[in-house]
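Some structures are shown below for you to check.
Paired with subunit B in one complex and with subunit C in the other, subunit A is shared by the two complexes that follow.
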Partner chain A sequence: MISQNALHHAEKCRFCWMCRHLCPVQHQTGKELNTPRAKGLLLSMVHKEAQQFDKDMAQAMYECLLCDACTNDCATGYQPPLFIREARTEAVVSELAPESVMHLIDNVERTGNIYGVEKPGFGREGTDVLVYIGEAAAVKAPEMAENLLKLLEKAGVSAKVLEKEPASGVMLGDLMGYTEEVRQMAAVCAKALNETKLPVVVLDSYDAEIMTQKYPEWGFEIAAGVTTATAFTAKLLAEGKLEAKAPLGVTGACHDDDRLARTFHEFEPVRRMAKAAGYDLTEMFNHGKLAKSCGTAVAWGYMPELVTRIAGGRWTDLTRIGCDTMLVANPETWQCLSLCVPEGCRLVDLFGALL
Partner chain B sequence: MQEKSMMFYMIRSELEDAVGVENVSTKEIERAVYSVDYFWLSRKWQDAGKQGPMPDIIVRPGTTEEVSKVMKIANYYKIPVTTWGGGSGSQGGALPVAGGILLDIKRMDKLIELNTEAGYVTCETGMIFATLEDLVNEKGYSVMHLPSCMTCCTVGGALAHNGIGILSTKYGKMDDMCLSLEVVLPNGDIINTLPVPKHSSGPNLIPVFVGSEGTLGIMTKAKFKIVRQPQTRIHHAFLFSDIHVGYQACREIVQAVKPSIVRLFDEAETVSIIKKIIGFEKRGSFLNLTLEGYEKIVAAELEIVMDIAKKYGAEDLGTEYGEKWFQNRITFFYPDHIMDLPQMFGTLDTVATHDNIEKIYWAMKAVVEDNFKQYGVRFISHSSHWYDWGAMNYSRFIIDNPPKDPEEALRVHNQIWNAGVRAALANGGVLNDHHGVGLKLSRLVKEQYGPALQVLQALKKELDPNGIMNPYKMGL
Partner chain C sequence: MKRILVCVKAVPVSAFVEVDSQHRLKRDGINLQWNAADASALEAALRLAGEDGSVTVLTMGTSKLESPLRELLARGASRAVLITDRRMAGADTQATARVLAAAVKKLGDFDLILCGCKAIDGETGQVPGQLAAALGLPCVSNGETLEADPDGLTITRRLETGTQELRGRTPTVISLCAYSYPLRLPGILGMRRARNIPVEVLNADDLGLLPEQCGLKGSATKVLAMESRFPGMRRGPKETDLTLGAKALGQILREVRP
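And then the complex of A and B:
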């Protein structure tokens, strides 16, 4: 049902509880089912024919953000998202996935995004870099996309955006695992990006992850290279192409988004951006590599109520340290944290803050 | 309880009314998740493709009042109730062996009060212990309970078996740290222990519940003392010629000063686990010791420790290995580092006065190694929690190729436990130091207490006349 490699990880995780404290879904639901060990245990039981992979089990595999905090905490390096993602493939193939998930998959196959809407265009010509906006930013955080483009213009960077930007495949990959459909979607995207021959600056780290981690594995590397928008902006600041602003006298805390933190281990650029925007910095507990997730666009798509609670948990982390300003530079975290901004608190788009 | 009976649905409906429909589950996969805890036997059962004990209904209360409502229902219908926190106990204490209701308390995870001036924190008991420590750390304080299971156990779980952390030699066990409790009794009544733990106002109620492993009630809120993070924390390692010399030196050290960590490893563990994790290669009995607090006091304590170590001919290994051990203190418990199936293993931890603890070490080692040599058993041990009156042994048996048949494996497993525990009891020890009794040692409780057991039985009979609380555990 799942690969030998994924099963090996599941069998190692089935009797280990060590990462439980970092699981945002477990924290919000209090369900034992929502721990990496429980999901590993269930898949092991299926392998031993002690349980059946049914609709309830399929549902359980979707009560996970794939935030990867568990992997990053594991002293041995086991990866619960590996077997959870493969279990999602089984759920879809066996037609056991929840209807809410299947609805999103239909949307992605129809429009390229979970929202089921035509992706707004940001197309423009440029010669220095190609900016990849991504689905979440285009639909749910268009101001952040515009702010990034304005910022690049301000720095004298000639940025191109494809008129019809293909989906990267990350949303479908999170919903159904890395199937042939996802690979084909990724191939189309890679071809379009490579045709420009420009280095790619990616706004959403979720897109950057699949482009840097899976595309090469599938044989279509982005030839001119992929950089996260945060790292690129920080470089512009370091080169003096963007100017730092005067101190605002306001203290804020950066929320490290899941994939930037876990896949790229990229923490400093966002903080450099925040300082350049004039903010004094403080830190929430569980920041950096083990930052607590605030939810993802895909998870919001099929479990909006739970993602809103998870985002609320991150706001609680902020206010508990006496801070009211959350600093973000990722459209998905923007989308999730926007769901429940507490009274008196502010959510700041760092690209906009630097303008 | 039969799932298909009308009564089953009537009771489920009552429970849903008490805690909300979304917090009651009878799904097969959810019930299956509770059939395996950290107990070796439950793991072996699962690994063999056998189904472990499952509850009939999972109930997730969100408040003390909801716990009370659930208990009133359970008590009326005489339904077994097993409380589940993190499920990380090694004794099978949380396994729902009698079916019935599985009360998962992890929704009850709120911080109630953090008072740094008075020096305490109050929280609900479903909170993960690491979360509690994080919250207290944010203010520059600590509960100073740092067990290896900290990231996965709940506060309630730690209280239920009277757990212990690595800093216990200075800061104590759960029962030393707990100032007061809120408890829901089996009949649903909500009670509070007295506001302070030390008094002459009648018997202290805290020890009735701390360590009772869910057999007498459900602890729903707990108040703990907190202390400022130490000004300094220094680690130092030594090597003794053998465990005998190590025991003598450590006794003298803990009777002179107050280290937070004293971990003395026997020769077998020194050349296996310690070598593997921190790369220490020499033979002998390894000790890592930590002192903490105000710099001036720590400096004076270190001087005394060095004198005692020298007196016993210890090799001074400096700070490197102690720091390495501290940094890796949890690494030992991750997959591929900790023992795992197909191995058979168990921790025969016990505690005794200084004059008995070494006797127990040798007696237990002999009984395990001599009687089970046909299985290729290995015996390793360290002593990691010390008092001015005594110490504990954390002795482990390991069999790399145990019987494959789970029923035969169970038999051998229990025979080793019986032999090891009886060696401790015969030499002034107890059933267990800090993992608890649970299902694993329940059968041996009568041997330990003798006629004194009637005190506990009377408590059980009065508080839980229907015997619904965590049946078959603790010998009650």
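And then the complex of A and C:
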């Protein structure tokens, strides 16, 4: 069941090929099926009853990071992730989604996260802000979460973390599209966050995206506002609540995660953090709005081998410019990039670097 | 609340639409979505119906609406009915209400009929009242909230100057404002269930309507000319006094509020 709006996007493509060179999945797999326009064409053929929606097609819809690089560069305003997400819903409804994906969906339904483990707690009391840690950080990058909390303490910010932090719904939304099940999960999260009446600082930009873009559309806004942890930290630096470190004499490049780059258009805060941590900055090819994704926690969950290659591609981008230090401030990019750190290279958590 | 019927309309997504030589909106090939106020009415109906009630969605339009109607079944509607007939093209609000009323009568008894307060393409807001008149039922317009108890309904209406609370009995027709009730999304189980529910299709003959009661022929109003204006442009005096400016702005905002 693909919506009219999604179909409209699938059929708008002019086959200009501009997005072809931007898709990180296409880069690594080399498969024509993994160009955004091919996925649109497939869905259009299904709609015209020229092709069946089958297991192979469902598989193709999951070979995508929902990174939005294609949308960003499409002259026709065509948004492949819109229909790719809906095609994932169709795959789940028709029981055609890959088994690895269904396994992750079961995990999320049981535990709130793709890892299928009880989320480690970071609970603490505070009065200034509520920090939302998120599933990926809590399970796969707990040090980054601890570093953010220590940094806030250092800046004199009284930060609360919920003892039992509900899942935001972003993982389930990426796995099976925006369905009522995801909206219900989001409603529980929004209610818990709103009960604190505190402004929310979100560590993982993937969570921040669903909270700012989808929650209001679904009828539950975070009343006291949502800020990304990077923007909040940069503000603390600008206000002098955190001090800059002495230059390290090391050059690093910031990896812009795709949601920060393309949903929030947020590039400066991470760079301000990197400079304050003492790094000299250089830039990789495809940074800022054109940032190339290095993978996501969800995609890693069902295609770890491909995500490792995609993350490897980002390390190649770094070494190609003669740099060996990758600077990140997102737990999901941390998780993916740490899968394959090349010898002699370093992955730096900017929250930790500022301590 | 046992049996609820919701009238829904597919409207263009874009504000840039074309009209044909008879000033009818060209709907072929354009991207359509369910009118926001109608979506709100559907959510209100689903909440009132609960587990034991039933919600029928009724629309009038081209046969292409079968698939979007299925999406409403996936969101929780129990029955979907599409009235489609070339002879109905170009209907004004009265002819539309006549057709909808004939369908409501054919489809059975309903405790409540909900509509959106107006569609974003025509912006008339006339159909709910005309439908109620055609069915001989009372009508409450611009409902914002709607609650049912064993003795009847409590409706909060949005007015230009505030809100009004009313008590009402069923059956009745109520039009709801957009965004009062954000419509739930289709769920996985709902989508699986919707696959097995056929969309019922009706035409003028099924409804016992004559050609002169439908479409352009059955319409009392004729659009003679159309003129496009720059959207958002409003001519008015330039106000330099802050207090007077704030007052004028308040007036403008009240004007567009519902």
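One rule holds for everything that comes next: the second predicted complex is superposed on the first by the 352 of 355 C-alpha atoms of A that agree within 3 Å, B and C clash if a C-alpha of one lies under 4 Å from a C-alpha of the other, contacts with A are read in each partner's own complex, and residues count from 1 in each chain.
Just so it is clear, a contact is a pair of C-beta atoms (placed from the backbone, for glycine too) under 8 Å apart; a residue touches a chain by one contact, two chains touch by 3 or more.
Being a predicted model, the structure only gives us computed values, none of them experimental.
Model built by superposing both complexes on subunit A: subunit B and subunit C fit together without a clash. In the superposition on chain A, A:197 contacts neither subunit B nor subunit C.
By the touch criterion defined above, A:285 reaches subunit B but does not reach subunit C. Judged by the touch definition given at the top, the superposed model places A:44 against subunit B, while subunit C stays out of reach. When both complexes are overlaid on chain A, the residue A:57 reaches subunit B alone and has no touch with subunit C. Contacts of A:78 after superposition on the shared chain: subunit B is touched, whereas subunit C is not.
Of the two partner chains, neither subunit B nor subunit C is touched by A:164.
Once the two complexes are laid over each other on the shared chain, residue contacts for A:1 go to subunit C alone; subunit B is not touched. Nowhere in the superposition do the C-alpha atoms of subunit B and subunit C come closer than 11 Å. By the touch criterion stated above, subunit A contacts subunit B in their complex at residues 12-22, 26-27, 29-33, 38, 41-42, 44-45, 48-51, 54, 56-57, 60, 73-76, 78, 285-286, 320-321. On the subunit B side of its complex with subunit A, the touching residues are 27-30, 32-34, 36, 38, 43, 46-47, 49-51, 60, 84, 86-88, 104, 106-109, 126, 128, 130-131, 134-135, 137-138, 149, 151-153, 330-331, 333-337, 340-341.
Residue ranges on subunit C touching subunit A, taken from their complex, read 13, 31-33, 67-68, 70-71, 74-75, 181-182, 184-188, 190-192, 194.
Subunit A meets subunit C in the complex at residues 1, 3-5, 8, 89, 92-93, 176, 178-183, 217-219.
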